[in-house]
Amino acid sequence: MLTKRTIPIRATAVLGVVSIAVLGLSACGSSKKASSGSSPTTSSSGTGPTYTIAYEGPLSGGDAQLGLNMKYAVELAVNQANSGTSQFGKLPFTLKFTAADDQGSGTISPSVATSLVDNSGVVAVVGPAFSGATKAAEPTFSAANLATVTPSATNPALATEGWGNFFRVVADDNAQGPADADYMADTLHLTSVYVVNDASAYAVGLAGAFTPEARAKGMKVTSQQVPGTTQCSEGTGSVTEYPAAASVVKTSGAQAVFYAGYYCGFADFAKALRSAGFTGQLFSDDGSLDPHYVSGAGTSVAAGTLISCPCQDLTTNPAAASFVSQFKTLAGFAIGTYSGEAYDATNTIISVMKSIAAASGASSITRAAVVAGLKTVTYTGLTKTIKFESNGDIAGTAEYVYKVEPSGTITEVGPA
Amino acid sequence: MCFTTNFWNLFIGGLANGFIYALIALGYTLVYGVLRLINFAHSEVFMSGAFGGLFVLQNVIGSKQPSGLASVGLVVLGLAAGAVSGAAVAFLLERVAYRPLRRRNAPRLAFLISAIGASYFLYNLAGKEFGRQPISIPNAFTNGTVFTVFGAPVQTYYVIVAVVTLVLLVLIDRVVALTRLGRGIRAVAQDADTASLMGVNIDRVISQTFVIGGLLGGAAGFLYAIPTGVAYTMGFTPGIKAFTAAVLGGIGNIRGAMIGGLVLGVAENLPVSCIQTSWRDVVAFGILVLVLMFRPTGILGEKLGRAA
Amino acid sequence: MSEASTVAPNEDLIVSVSEVTLRFGGVTSLSDVSLDQRRGEILSVIGPNGAGKTSLFNCLTGVYEPQEGSIQFCGDPHREPVEVIGRRPNRVSRLGIARTFQTSRLFNALTTFENVKIGVESRQHTGPIGAVLRLPRTRREERESDQRTLELLEFVGLRAQANTLSSALAFGDQRRLEIARALGTEPSLLLLDEPAAGANQSEKAELERVIRRVNSELGISVLLIEHDMRLVMSIAERVVVLNFGEVIATGTPATVQRDKRVIEAYLGTTEDEEAG
Amino acid sequence: MKARSDRLLVWSRGPDGRRLAGFTFGALILALITGPEGLEGNPTYGVIHSWLRPRVIAFIAAGVIAWFLSTFWVRNRDRWRPAVRETWQGAIEPFSDRRVRWGSYVGLIAAAALLPQVISGTWQEITVDQIGTYVLLALGLNVVVGFAGLLDLGYIAFYLIGAYSAAYWTGVLPVHPPIVLNPFWVLPLAVLAAMAAGVILGTPTLRLRGDYLAIVTLGFGEIIQIVANTLGSVTGGAQGVIGIKRFSINVFGIHYKFPVGAQANVPYYYLLLVFVIVALVVFHLLENSRVGRAWTAIREDEVAAEACGINPLKYKIMAFAIGASTSGFAGVLFASKIGFIDPTEFSVQMSILVLILVVFGGMGSLPGALIGAAFLQWGQNFLRTSNYSWYNEQDLYVYFGALVIVMMIFRPQGIIPSRRRSREIGLAEQGIGTADALAPPGSPP
């Protein structure tokens, strides 16, 4: 009553001044972004109209390495196409590359997706790299009918939402899990397995697909959820849980452990298992296909571990030699997990664009045309022949098994 | 039924965790005693101890596998490096994040918020400078089974943890009970105003308390990291667990921290053979909530002066 | 129990403390304390430092819960007395016991007006929903509490300082403000914990006038802890003397002043005070 | 020579010298956090390249200049302050007129309503997802931390409850609701659910000392997240929930369904704008009511408040529940907007982020929470989308952590302080009062 009056006055004044400032700044921010978007224009350096192929994935945060593996592959494919020396020869259009960082997070990916949709030059996106980010971003891409070809998001649910613009060049977890179970039963002749998942979306799905197939093959399956830890970027659990969980696994007498999860937690869990006296086979998934698994667990612990991946190792593939060396030149590091898939995804898009241009001219390449083209494309890439089913999944289920050698290197053993 | 299958394995593992919780909990308890404040950033003191131990051992141990007396020396060296790094960070923390606030007699909320800020600052800075991948500590000793309890192996690592913790705890207990520094801490804990009237330099006592807490926390960080490696995010969960242990035993109470740590370590480990490991942290946090609801003074009651 | 037997004898007692014992750990703070206060009376509790006076207040207001004994309070002569022990301080305040503190505990960042208003509002019912929807009742209550607050400030002579921060008030004004805030809760018994401690002569005179008016004009019983014997002797109708947690004398100021144990207790403390 | 070095020593321990040391230290820290990332396996790389390179000179120079300016200000503080205050008073003078004030409110709302028309689609998305949602969250937490002085570190748990309520009532969880509802009808239900969770958690724990509350709420936040992530048969587990329904309006012959993807931003923006305005009005009315005064009383002196007939527990629970329900409310909006819930996003870090927003703006200050949250979230996204070479998105919390410490040391009342709060802090510094509800009941002020 007596002091009340003064407070709102001050509040309002400040409110006024600062929110005008914020509005102004927002506008600045927006104008900056808007100017960076480009429409298809004739470029002086290349020929024909310019189109952008974007990459979306984590370029910072805990999963940045995986994102960079793919980013440089996409960039390389675009550069090669522009140079006119690639398999596509001289193209009647010029390509641009842009990379967008979603940190693998579902809260950021919608705004990243919107920025790509806003950029009218973008005709197709390679990515998003992660399943959670894809789930959050896909409504935006889908509303704009902008094709997304993911090299690495393997969550089965992604293909069931009816997003017509969604494609992926890897087999989903529903393919990987059973393939792993078959491999363990048929090739390794194991009869009992302990399934551990790290409570991540990916691991839960994969373990869920693995278990029924393993049971069907007559294996005895016990399972346990051991969440990823705060030691690693993925988890909420604490590392002190590993010795406890490992002793439970040891007591169960299982012949093998199937670890669904990521390399960082797997390294700690593998150490705990060996420390608890578990001597059986260790088997994990593409989340663990990373040299950091070996450095984290130590070579003596990691040696002999089998790792499956719907991705192929291109370092030993003679057809991929030039890709491998050019990647190294561009990125400054060797190809890694999903580099080859990202390269193939980009080239698939380019091949679609090329055939559109051949059929009805370079200026008729639109987002809708690219989506339509991807639905019918057949393209032979380095990793596999790419052909999509109607829901966007890749036709065929290619799985490969890798092994950690006593020296600590990871080599491909063969298809699962 | 499931409870008994792995009982001794889980019990021993739980004890080992409990010892480490106890070491960290001491840092919370001592600071709480003198400042009446939860030092949220103590988990980062712990983290920096692990990094300190790691860097020193990386430079000392080459590719060879040490054994015997060399192992003992290396473990002691790692502990010392960890303790010194922890103490240095704790000292700086008090200087930068707490002392200016105390000078201004800032509200307690400001201390807590400043501590949270310091915690986020420190661990993210560690991530920036030292990389965001966990790094393994080079082996200072060969881990093997020393003896068995009811068929459950007790490993070298567990023995080291238990011995180091017990020695440090007894040392701290004696220091607080017998030395001039300890008398200062107890005086400030009981009544800071009176203590300052009696000529105790409160600033110095608080600084020393942080340093002692930092020594213990840093050593604990190194111990913790031996099997699991060092990561910039490693402090958060052990920090909360240790705080739970401190509250469980009676915050401000040195022996309480010990008992609380062991009880918590065992209590959260035992159910693992019956439930999904996911629920293990729920058990620990559940214990915290229940203790605070029904016996907020903990098992031994809270008083730094009385117990020491 | 028939109504006649309980109500009739207590009809004129506003509060009846019987055999209250309060212990902290091994220390007995109050032992077997009994005292009665008549309705409308100004009763003073005196005693040396550490005699348990403030502990008694804390028992009467629900801050402490004594281990033994009973405290019967009868705010309304037409109702039965109720037990105070076991109620939280805010419930006790609702019963009609208000208090001030030994060192004043005002809401320092609020104005004089707001301090009293908080007291007045404790008898109101506006909740979050009413406050947000500005219901007719809320507005009526706001008007009433503003009105009442100004009356109380007028009563203690602080109307002119209504807009001053309470922490900026002079010492004596702060004591009177605390009384006004306590009066806002519509008490029938007001407990004053050393209101004159540290006050100068003119402030004491002003306080004395306010306490008398609280008693005579508002008809509120006053229970007073005070060290200033001149003040006690001039306004208290009866005096209770505590020493080491026990009642050692009760009576009119004149009789108590002559009591041998009281003199001893006070002489003893004087020495203690010199020593400490 | 000796005397001179002695004088230097004395000076260095004096206020000016200490401030110079502080500014230099700050400059070095800034040089470190804007410096290059460390390399894996080479822990000193970042430090060396931040401190032992010429760029550090620029930082130290900036520190010394800042010290010089601050010394200049300190010397002339008493002379300049009245002038600054007068200018400020002059600037806000027109607002004491009721018409001007209401006019400015209308102007601000109009400006806010026009905002989406002038910004790009990306910024529309950011304005809704990152700014608007967090403004709403900050306003709610402000009730808990600012008004009632309680530190709640599990605030995001209620956001999660709101989000999952939206998922449940639109029928996309493994457990099915009795009837499937439009999210508009979910809003009150989610608010009730979050409020109930707040009351259930608050009733036992709010009796505790305030700093214990911080830990218990932290634990609660973790438990809720683990449950959401683990209890797959109820919540969908770690896979998250997908396909949460969007808002739709279906009354008086109007049939409007909120669009998907980037087109959803503008309608959701207006929805959020309305709710933010409603929250501002509601919390403003609360602050200046009997309830708000009771919160202030409890925050300042719980014992005195109890003696005045205020039930501290009741009002603390009330504040806690109001904060929780705001969080739950925001959860429904966000879940329905994005259509997807990932339980791992609701981490402690998000609770801390909202706390940082409130602390930065000014605890207990509605314009502070509003503008502080908007500004920090805008800045964070501006940096993220601008790709400056010195800024790495991963280091965000290094900056935020440093910001919080600096705020607590130099401006604990926030950039736009509430008048009551800054008075309390000022008084606490003089040794009067406690300024928060964290002191144990019964302890001396």
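Annotations for the structure displayed:
Labels A, B, C and D are assigned to the chains in the order they are written; within every chain, residues are numbered from 1.
Here is the rule we use: contacts are C-beta pairs under 8 Å (C-beta built on N, C-alpha and C of every residue); 3 or more make two chains touch, one makes a residue touch a chain.
Here the structure is a predicted model, which means the values were calculated and not measured.
Note on interfaces A-B and A-D: more C-beta pairs are in contact across A-D. Ranked by distance of CA centroids from subunit D, the top chain is C.
The distance from the centre of subunit A to the centre of subunit B, each centre being the mean of the chain's C-alpha atoms, comes to 38 Å. Subunit B and subunit D have Cα centroids lying 30 Å from one another. Mean C-alpha position of subunit C lies 42 Å from that of subunit D. Of all residues in subunit D, those touching 2 or more other chains are 222, 226, 229-230, 392, 394, 424, 435, listed in ascending order.
In subunit A, the residues that touch at least two other chains are 199, 225, 227, 236. The set of subunit B residues that touch two or more partner chains comprises 132-133, 236, 276, 278, 281.
Across the complex, subunit B is touched by residues 25, 32-33, 37-41, 43, 46-47, 145, 149, 151, 153, 204-205, 208-212, 214-216, 218-220, 222-223, 226-227, 229-230, 348, 352, 355-356, 359, 363, 392, 394-398, 400-405, 407-409, 412, 424-425, 428-431, 434-436, 438-439 of subunit D.
By the touch rule above, subunit B contacts subunit A in their complex via residues 5-6, 9-10, 13-14, 16-17, 132-134, 136, 143, 153, 155, 224, 227-229, 231, 233-234, 236-238, 241, 265, 269, 272-273, 276-278, 280-281.
Subunit A contributes residues 62, 199, 224-227, 229-233, 236-245, 247-248, 250-251, 264, 267-268, 271-272, 275-277, 292, 295-296, 298 to its touches with subunit B in the complex. Subunit D contributes residues 282, 285-286, 289-294, 296-297, 300-301, 303-312, 318, 322, 420-421, 423-424, 427, 432-433, 435, 442, 444-445 to its touches with subunit C in the complex.
Looking at the complex, you find that subunit A touches subunit D at residues 4-16, 18-20, 22-23, 25-27, 29-34, 37, 60-61, 64, 101, 103, 105-108, 110-111, 113-115, 117-118, 132, 135-136, 139-144, 155, 157, 161, 199-201, 203-205, 225, 227, 234, 236.
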